[in-house]
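Chain IDs A, B, C and D follow the sequence of writing; residue 1 opens each chain.
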């Protein structure tokens, strides 16, 4: 498990990610961002993303998303995705995401995730283990 | 065909739009926004969205997207989607999109679309028929 | 509400349904079939598809699917989808689905759906109201 | 690169693969099958899946698909996917796909893929390099 610096994953642009114009369909990029957050939980924070949801009934929905799609990406390219934490609040985590082909930037995005109860869909305080893991991650990124 | 006021469509939240938390998975919302733009072309602007792409090799990819997901939406709800044009530039169109259940706002979003050649994936001037249709639409919305 | 003959829905092939080859990506067809089943529940059987799932914790997952994709479909075409019931068992319903452009067949498929408890993911007897609605539908199709 | 025995890939079941019932939404399984075929091309056959499509305008659409979904799969599980070639014809390749959690079978499927021209969407003879790669693969699986 990678243990210092920003969390980063390489991902192939698949046939199913692309539209009739031959480039990534932009909603799929958001899907790939969600996959990045998921991998960050499992592979770097050491937290069970699925278990929190199913067993503990804690959600982490996205309440704000924004993205600049700087250049189009083509099927068959392998992008490098990177996630940085911008801010952690009482219920929310703001992450900055970028994707690049080698050094050519393809997108930069910001997602705001909020910890919620799946029973009420209302915000809850960020659970201690998650806050601690995110704090550790931030210190490793400095 | 509706001919004055903002373009608006009602859409059922489907099983396939929702995640294991029982609410709409946020990338699907962007997919639904793309469908709204598509319907706006066919149903209100009177333009052949598919034909422009396939026959004329003109694309309209999204280069910027941002959205506030104000409240979660549940499977089985029917949201009312509305599209307004904020700005039309030399190559780009900025649209504001909202979705609501009755009067309860669920999201508000902004998309920046850019006219491109599918052969080069580079911006092109907005085609005259598109510019004219968008101008007419804007005047009908006032 | 349509009340005799097979249940049928017209649906536009969207940009998001199509792949870089310009035709419908085959997994999307299965997604469109699931939407057809959903519409059949709401619009013809008069049953609350979402409520059964969320409130009553009854699922209806697909345990077998097969499809012949007879001819490709293109973005911008509007297909007519039709659903017939082949068989209703103690826990399962077998449906035949077809999609066509005018009279030109595009696909024919069979899905086997099984009533389950969402708590155990095990089969349950088909609920009485569903069985009765399906029996009525079958008699209306004859 | 793995060079004998059936081609096999481990894949995490993601949040985005699952439905409000908490299990994999069946159309997503077909999407994952397509990803398996794609990986088989790149990683085992040594063929450029994207390049064939974009540069050579050769498609490989699925003309028949069938699947038994033997047991449901849950978010967070990692399934092992395996692909075997059943038959290679003049224009078509029939593959058998299975997915399992450890030794517990989750699904078995058959896809029939057909080589086509993307300009006409009509079948073409399977290109020589593809036929040869598939023949080699079959001999490595014996």
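Observations
What we mean here is this: a residue touches a chain if its C-beta (ideal position, glycine included) is under 8 Å from a C-beta of that chain, and two chains touch if they have at least 3 such contacts.
Owing to the predicted nature of the structure, the values given are computational and were not obtained by experimental measurement.
Annotation: C-D is the more contact-rich of the chain pairs A-D and C-D, by number of C-beta pairs in contact. In this assembly, the chain whose C-alpha centre lies farthest from chain D is B.
We define each chain's centre as the mean of its Cα atoms; on that basis chain C and chain D are separated by 25 Å. Chain centres here are Cα averages; for chain A and chain C they lie 34 Å apart. Averaging Cα coordinates per chain places chain A and chain D 27 Å apart.
Multi-chain contact residues of chain B (touching two or more other chains): 15-16, 20, 22, 25, 27, 31, 34, 53-54, 75.
The touching residues of chain A, counted against chain C in their complex, run 15-16, 18-20, 22, 25, 27, 75.
By the touch rule above, chain C contacts chain D in their complex via residues 20-23, 25-28, 30-31, 34, 53-54, 59, 61-69, 72, 118, 121. Residue ranges on chain C touching chain B, taken from their complex, read 12, 14-16, 22, 31, 34-35, 38, 42, 48-51, 53-54, 74-76.
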